[in-house]
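Next come two complexes, and both contain chain A; in the first it sits with chain B, in the second with chain C.
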Partner chain A sequence: MKIVREALAGTLESSDLMVKIAPAGDGLEVVIHSEVIKQFGDQIRQVVHSTLRDMQVHQGLIIIEDKGALDCVIRARLQSAILRAAPDAEIDWGKLL
Partner chain B sequence: MQPRPPIDFRIAEVSGNTRRRETIRALLADSGLGMDSDITTFVEAWSNDRLVGCAGLAANVIKCVAIDEQWRGENLSAQLLAEVEHLALARGHFHLFLCTRPCNRERFQRNGFWPVVQSGENAILLENTPSGIQRYCRSLQASRVAGQRIGAIVMNANPFTLGHRYLVEQAAARCDWLHLFVVSEDASFFPYSARWKMVQSGVAHLPNITLHEGSQYIISRATFPAYFLKETGKVQQAWSEIDLLLFRNHIAPALGITHRFIGSEPFCDITRQYNHSMHQLLAGAVEVVEIPRIKAAGHAISASEVRRLLKTHQFSRIREIVPDTTFAHLTSHYSAEVA
Partner chain C sequence: MRKLRRSMLFLPGANAAMLSTAFIYRPDSIMFDLEDAVALREKDTARLLVFHALQHPMYQDIETVVRINPLNTPFGLPDLEAVVRAGVDVVRLPKTDTPEDIYELERHLERIELACGREVGSTRVMAAIESAIGVINAVAIARSSQRLIGIALAAFDYVMDMQTERGDGTELFYARCAVLHAARAAGIDAFDVVWSDVNDEAGFLREVELIRKMGFNGKSLINPRQIDLLHNAYAPTQQEVDHAQRVIEAAEEGERNGLGVVSLNGKMIDAPIINHALMVLERAAASGVRR
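Our next item is the complex of A and B:
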């Protein structure tokens, strides 16, 4: 999935997260801010990176502002933002889930 | 504890809507804030019939964020900011700046904004990306030229006069290399593309210059609202400091700038104050060289004088104070009105 435009998904409500995505010419930059980074930092990073890997995102700036979201929410928000940032394509929902 | 009634977010276009403005103005006043006149849109938070929060958007700058005292501590500003970000993106602005007081720094840092530069206890500029200014500086580094004396000039050139040309020539003669930034904010009489062309053709005879497009980080609506709003007082002082600190801490090091050249300012209070702050803030980092304005027929040349003469179609007098290159542009674009 190629990031071709800026996109947002999510909110800054408690238990949610906001994902911001922008194209970047020089590789993948992932910034994670979380209120629970001390307790769950590794887990959050793992979810984020596996989602990016599954969707084959190799370039772009990904900013995540987490307010204590569950893994499934993190994944869903990230997927939405990536789909909004990518050129319109047929989505294979079976693969995404 | 009684549950709060739900919050309802509304988008209010305030230009021309006086009644709407007054409601917001009252909320801002409670937080000790004034309303900036360049804000076109507010995101409002309503609880029943009461306005309890607002955040203003002027192109890609967020400011005038206020929350009703009784609603503080409920994460309302975070919700407002998320609403503003979605709205701004829908309007084509992804890279956002936020102007606030340093005491609010942490609140915004928790909500996806990163500090760019802070002027004491007066003002802080944040942006909604962790690497905006670093990316910009990396792109500047590509234009780095080695040398003992590396100069910089920032100009609006509205329009480019003989005074500007003199300043550039003097600076170029005293430096190994000169970086010339043209303010890119489109808030002046002449559009950016026209100002850029006039500068480009006006300095084409000088061999040691790089012309830079201005950016959000150089006298833009984000770094220096007062320059365009022509307000007075403390706000303006704080934001001219923000602009200068950005230059000192980020832009000058990226290009290895050792000298900044400015023309003396006999007319505009804001620019004169800016020059004064520059001497203070850049001291020890970048040498500020103030070059007296040249005169024509006894008067210091100024771009505002050219604009005044243009309005009254006095082309023969304009010819005396602008280079041929600028004059050609002015006659081709504005003399039709005379005929």
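Our next item is the complex of A and C:
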């Protein structure tokens, strides 16, 4: 999925996260800030990168401000931001499962 | 045994914190809301949050309901595509005015179930009645589908349609009676309206007492604080539990002795009395005796 515009999803409330996405010319840059990075950093990175991989996002700048969100919330907010940043397309729910 | 549905807790679909914690309050059913509690610009992300929450292990042991947007809006069908694939137990259709609204929902459900490999008919439905025409058609709506587990009265839109406002319940008198009778005639559950002032416990309990005596299965709730109050109000008294146990014991003894009819303290015990006793014991098992 191609990132063609800037987009936001989520909030900075506890148990949520804010995802900011912008197009980038070369490659994929992911920046993660989290209140629980010491305890759950590896898991958060794993969820973020697998979500990006599943949605075939290979280029763009992604900045995540995590406030202790569950994996399912991270995945949902990241997918929302990607879909908002990508050209209009039908969602294949089967691929988002 | 029938599913106990006294409390149905509304959760705004876009609220990540509530979606992450609400299961700990143990309502009988949790209702994720994609409709009125979600702003237009958050419909997409709320849909995805609910889509993933439904699949999370924290919601596997509790009945999940999703209130989708009306199917005549741009959001209704995408909601349905998402939640059916995510394995929701029940879809709540808002603003149900006619049986045709349910038929339309059924057609989409069947198509999506077939497309994603779910058993056809496995997604259940509840209809929310929110208008005068919906109340008039309540019997036809309640009988419109095998998928229906219940019908609910939704007060906010209904009182506006009736050109009145929420008050002491007088404004809902006919609608409550009509919805409840329709549900009972169709053999499905009936749910009462939300009580929106969470700080007015006395008012909430007065309303709960009224709808419990009327025969409603339960009530939609907007705050976890209301769950225990509701469950306690629906719990039987110790006296009722003791009597129910004696009824069941007498019925069992009659069955052992091959008697068609048995009596307790000179009163005949028949099927409705036994069923009522079973319901009393079921409620006692779920939330103890009334405090």
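The definition used in the following text is that the second predicted complex is superposed on the first by the 97 of 97 C-alpha atoms of A that agree within 3 Å, B and C clash if a C-alpha of one lies under 4 Å from a C-alpha of the other, contacts with A are read in each partner's own complex, and residues count from 1 in each chain.
In this section, contacts are C-beta pairs under 8 Å (C-beta built on N, C-alpha and C of every residue); 3 or more make two chains touch, one makes a residue touch a chain.
The shown structure was predicted, so the numbers you read here are calculated from the model rather than taken from an experiment.
S.K.: When the two structures are laid over each other on chain A, do chain B and chain C clash or fit?
M.R.: fit
S.K.: Who does A:Trp93 touch here: chain B (first), chain C (second), both, or neither?
M.R.: second
S.K.: In the combined three-chain arrangement, what's the angle at chain A toward chain B and chain C (CA centres, steps of 10°)?
M.R.: Seen from the centre of chain A, the opening angle is 120 degrees.
S.K.: Name the contact category of A:Leu61: first (chain B only), second (chain C only), both, or neither.
M.R.: first
S.K.: Per the overlay, which chain contacts more chain A residues, chain B or chain C?
M.R.: Partner with more touched residues of chain A: C.
S.K.: Does chain B (first) or chain C (second) touch A:Glu29, or do both, or does neither?
M.R.: First partner only, chain B.
S.K.: If you stack the two complexes on chain A, which partner ends up touching A:Met18: first (chain B), second (chain C), both, or neither?
M.R.: A:Met18 sits against chain B, while chain C stays out of touch.
S.K.: So, A:Glu6: does it touch chain B (first), chain C (second), both, or neither?
M.R.: first
S.K.: Quick check on the superposed model: minimum Cα to Cα separation from chain B to chain C, whole Å please.
M.R.: Superposed model gives a least chain B-chain C C-alpha distance of 10 Å.
S.K.: Overlap the chain B and chain C contact sets on chain A and report the shared residues.
M.R.: 10-11, 13-14
S.K.: Write out the stretch or stretches of chain B touching chain A in their complex.
M.R.: By the definition above, chain B touches chain A via 75, 78-79, 81-82, 85-86, 89, 94, 110-112, 128-131.
S.K.: Of all residues in chain C, which touch chain A in the complex?
M.R.: 16-17, 19-21, 44-45, 48-49, 51-53, 55-56, 78, 81-82, 85-86, 116
S.K.: Using the touch definition up top, name the residues of chain A that touch chain C in the complex.
M.R.: Going through chain A, the ones touching chain C are 9-11, 13-17, 69-70, 72-73, 75-77, 79-80, 83-84, 91, 93-94, 96-97.
S.K.: Which of the residues in chain A end up touching chain B in this complex?
M.R.: Within the complex, chain A contacts chain B at residues 6-8, 10-14, 18, 20, 22, 29, 31, 33, 35, 61, 63, 65, 67.
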